[in-house]
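The structure appears below as structure tokens.
Chain lettering (A, B, C, D and E) follows the sequence in which the chains are written, and residue indices restart at 1 in each chain.
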């Protein structure tokens, strides 16, 4: 490399689950090996706690590098001038060429404010052995989906595991149902506050959702579980499928579901008139505006998105997700391959970040609470939508 | 004009002896400054902040009473307020509960000291742990509660997942340590009951409940008063349990003001500092009623001196 | 004594009472016993659905070993100690002085200052949250143990002052007067006469504050954020996030977190109970 | 009929026996006072009669009923405590009526009885007050009123006046005497105050370490104590005891130049304690004794004397001549006022 | 030189004045006792001398120094409290040496002074004990020792014996008298105990409601009270007061069949109170008085009499003949023992 880095490099990371944590620690180790004079301090903060704490440390004791999320989710910090403009990095050819696909998600006000390091598909992870047992196959349409579900229910197996204690998992369902019912553009407009929550389109989305709820497709008492706490339903075969991000694969595998028992399918089409669109949240690294060692921080960002590193960290035995660097290779892992396929060739409608990254925080909070309430007491729908609509009018 | 020399009136004002006039302030200074700085001023800052709109990052924007007006139409606030009322009322059950256990344990059999301490145990444990323990107890799939309900042919119920039950479920968890607290207060109160009065009452033919009601309880008034105060404070401060057990859910049905304000001000999707401050102010005003009551009764005690 | 001492009742009652005590105790502590048992189960018990039964084998050592050697728990515990101990010392020191000033001297604003401490002590601390957080941020003490300690010291001073002042009030005032007549300087009266007499109150208060601070969760969440400064109450949540659904480890973790105040309680039982009543019922 | 009879009453606390099989009969309407040094078991005995302490062995009868195993409330006794034991949260009226209320007497009856008692004790102006708003003497009156209202057969008093100041104590003492005359019930009264015992009692019971030393009317005990303990205990200032030797001529008191006729039961050579009450001694100018200190109280003064052998004694002086510190005196005494006790057993020698 | 002089000393608590401009001179080495009813201001006055209470107006001198505005420490006084006020965490030795230690006296000097004081008070065996391990009397001795060690010019005592039991009180009283003789310092002593006042004082100051009623030597006050209040206050049992009328023949005492020579200053027709001390009255059998109650204390007994006009009086009886309740008696008295007071002002008529 050009010249040696020195001093301290402080990194705050939210990669607190076991697999991501190992990846983060590995990166630090390798980066440190490359820059022996650099003293790297890594602080891993619980992923949920991180979301509230980022505000404090960005203003108070900023690290040199921090994790965060793309799109709307970074807007408050950009607006408050707490993230460093890294457009210069994006002009470097290696990054400009290889990371083009995530440039949009990192851009606000025409500038880039960080780099992505991974993204991952969402979709339905299911127990292929159970499907086989009841002679089911991956559904492609809403009707097939419901038919499969009915069979499972008749056999005493819930169709879907879900844990909505922390609300956002329900938003995944809403994202998919809404994008399948009304299409990506409507969904984007809705999260942008441009569409009414009491519109017929939104009602149609909820009507589809309700079909599943009325069937009893979801596990009971989901409001009491976090997403991890709902995993045992899948593991134990009490539920057959889980709409979730690819990060769910690692713990499921660890719990003993090998590839012969676990498989993946794309969320089925509902309205044939709309193009399929997917959620693919992008996780990012940023340099806080108050960072002290920005030179080393930039170097670290370059390192993170470098081709080799991307291949390495997104591998099935590491993060098990998709690399943002187009020159990197996607791991041979079955789920990554499927996801990569899906996102690159079967998502004509578009790729959304995720509900709470696309909608402003206050709206996301209100809406996700509504989703959970709907899943528990579907009859409250009118009331919920009224509330969301009035929230929309005050928030945007 | 008669200019007769008046006898010079003696200095009637006693000179404050210096050491005794200054000493209290020197002793007070560090504690007082700390307390003003960290507790008293912040209260007023919160009052002030509640008139602003502020996301904690940019510059606050003065909005007058808007935050309070918004509270008026905020359903979540209404739910929180209502839940706070439930907390206030039901938490008081800790007082008779504590009294009952205290009466049960107020004996002098072998090992009773150990029993008393063990009964007091829940109070020493962090509410975080209590919250965890009770969430497992309530757990809809394996929780002991449903196992026990099963024995009597009831259930299963999902206490923490049911918006109608969740607050009560958390209150029960809170009552556990709080009852232990009241129990110890009453145990010491019972210790201080004048034995001669009990004997006098015994000679007067008072027994059992009548003795308790007419003679013992009136003497336990100081203990009851403190139990009342700490229970009210506990009820209004309740945060840890809610945060651990439900995080306010399901869909906000177990929030109370203290939790809601935290959520609004500092949680993942919050950072409406001004709004949070307004909630805190409301909570403070409720508390003020009790603080005033407490200070007033203390003032009455102090005055005879 | 009320109720009538059991030894005055019939043999049957006495036996019944003696028998009822342990039963009542077990029922009362059932949740805790469950956690204790959880922490000794191997994880297969949970996957096998044996939640409430007898552990299939004793796995206490490995569970606790895991907590101690494979998680951040030791660091959280250390943080808790580093937060709690200075707070106890600070709050007790400050309140000895304020309590002395308010308990001994007659001056016009005495009662009002005292009431201010009392009122501040009862404030729902949520109202302090935002300003204190900003203050701490402003002092550059956010996410430091010192920031947490300073706030705790200040806030606890309210309660401690109430406690100490009432205690000092109950001391015979003649002792101070005697010392004054003997020509002892005020601060020497504080140091040589009053402070030694406050030992029981100091002990009681120290134990009490120790538990309060050790068990604090709210301020830990508001003022700190990571393993380098968070105390164990906050740490346990991230610990639990890490070991979600590993109930045996969560239980072991919880017990480890709960142990110090419990140990404190048992060692200092007398002071503890004295503290609760001294400070309060006066 | 409400005499109180104890038969072989024994009280044990665990292993320790504090009352050693007492037999005692207190007649109906009698005023009986228990005296004795601190810890001798006065209170314990009283509380056994009240039923507040179990009787370990022996029986207690009130009237013709054996009450040994009865509840305090069923014994027909009322007790007045040293600390008054008033219910602080009730008014004077409620305090006095509480016992009747607990026994479900009709309201009108309670009112009448309280009115009667408060008339006797002159408590009318205070009926609506709480105890905290009363002086010590008034409180003690209320606690007596509470006892009266219940119309018990036996009144028990445990040092009822010891928390009052000197003046009030005198006043209340007279009041209790008057009360006894007026209602005529049996009363048992514990005190450590000489004056109370002497002035109130029909019968004094002197206790020591759980045993009865002597029972009798006050002046009987004063004139005719059975042993040195009782002699020293009754009478104020206390009796002087000087060592004496029995000689054929009589008893010589060392250092006092005094020989008095020996009692019948004394054998020559025997060592005896000679008891001389200060009020029976007459001072003569010039003699072997030195005045250490003379304390004048107005009408009377007490000279503290030292004998040549170093024994101390007190002599009462009245009238206008008072000795002064340093004076040298002699004393004389009428032989019938001299008491003799066996030095070893303390028993009176007659 | 350590006389104590008060000039127009006034004490106010807020609006309430409790000491009303007192003038008082206490000589060097004098033992001065303040007596008076509860709440009359005895303690307040003492504390003003000590400097524990500010003097609102007037001056206080000790020796030749005006100490009115000085700190307690600078006045050269030592105080002994009713509750002893010993430091419970220090040994007897440390308690006594504490004042010197705080004022940085050399260790050797402290040790010497403590040894000296403990010798005087016979405290040597207890020097290493904590106060909790001492009896009440020993504690009081330590607290006196603490005062002695500092070698003050003036000792102040506030009811030092009232927490002791009767026996110990007598003992300590004698000890204090001895101490005063031995060290000869000025002492001011507050008490409500007749006996203490009479036996200890060189000079008694009788206070009432913040005013001085009379100052004088004990027997002077007993024999020659200035007014009815002092007459009634000094002497035990208290003087009897009966209404009398001045006639040309003398003063006739209603219901008593008694006429005594009138004092010089009495005008005929004037209403006077006649004061008769119980110990000066002699009982005669048969007469207008009825015995209401007779209390016998052994050597002495007190008959409570009622005159035909309903007045009450007490008579002392000694010797073997004692009257009984219901007896009818007359009394006689030597004319020089009769006191007269103006019924309205209470002033003594001589």
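Basically, a contact is a pair of C-beta atoms (placed from the backbone, for glycine too) under 8 Å apart; a residue touches a chain by one contact, two chains touch by 3 or more.
Which chain is which protein? Per UniProt: B = Carbohydrate ABC transporter membrane protein 1, CUT1 family; C = Carbohydrate ABC transporter membrane protein 2, CUT1 family; D, E = Carbohydrate ABC transporter ATP-binding protein, CUT1 family.
Keep in mind it's a predicted model, so treat the numbers as computed, not measured.
Number of steps on the shortest path from chain B to chain C, with steps defined by chain touch: 1. The interface with the largest number of contacting C-beta pairs joins chains B-C.
Think of chain D turning onto chain E: fitted on CA atoms, that turn is 175 degrees, to the nearest 5.
Mean C-alpha positions place chain B and chain E at a centre distance of 54 Å. Chain geometry summary: the mean Cα position of chain D and that of chain E are 27 Å apart.
Here the spacing of chain A and chain B, counted between their Cα centres, is 41 Å. With touch defined as above, residues shared between interfaces to two or more other chains in chain B number as follows: 19, 215, 266. In chain C, the residues touching two or more other chains are 133, 185, 221, 237.
Of all residues in chain D, none touches 2 or more other chains.
Partner chain C is touched in their complex by these residues of chain E: 50-52, 71-74, 77-79, 81-85, 87-89, 98-99, 102-103, 146, 150. Residue ranges of chain A in contact with chain C, taken from their complex: 12, 16-18, 43-49, 53, 56-57, 59-61, 226, 228-229, 231-232, 236. Put simply, chain C touches chain E in their complex at residues 172, 174-175, 177-185, 188, 192-193, 196-197, 199. On chain E, the positions that touch chain D within their shared complex are 38, 174, 177-178, 192-195, 198-199, 218-219, 222, 234-236, 277-280, 293, 295-300, 304, 316, 318. The part of chain C that touches chain A in the complex is made up of residues 47, 133, 137, 140, 142-143, 221, 225-228, 237-238, 241-242, 244-245.
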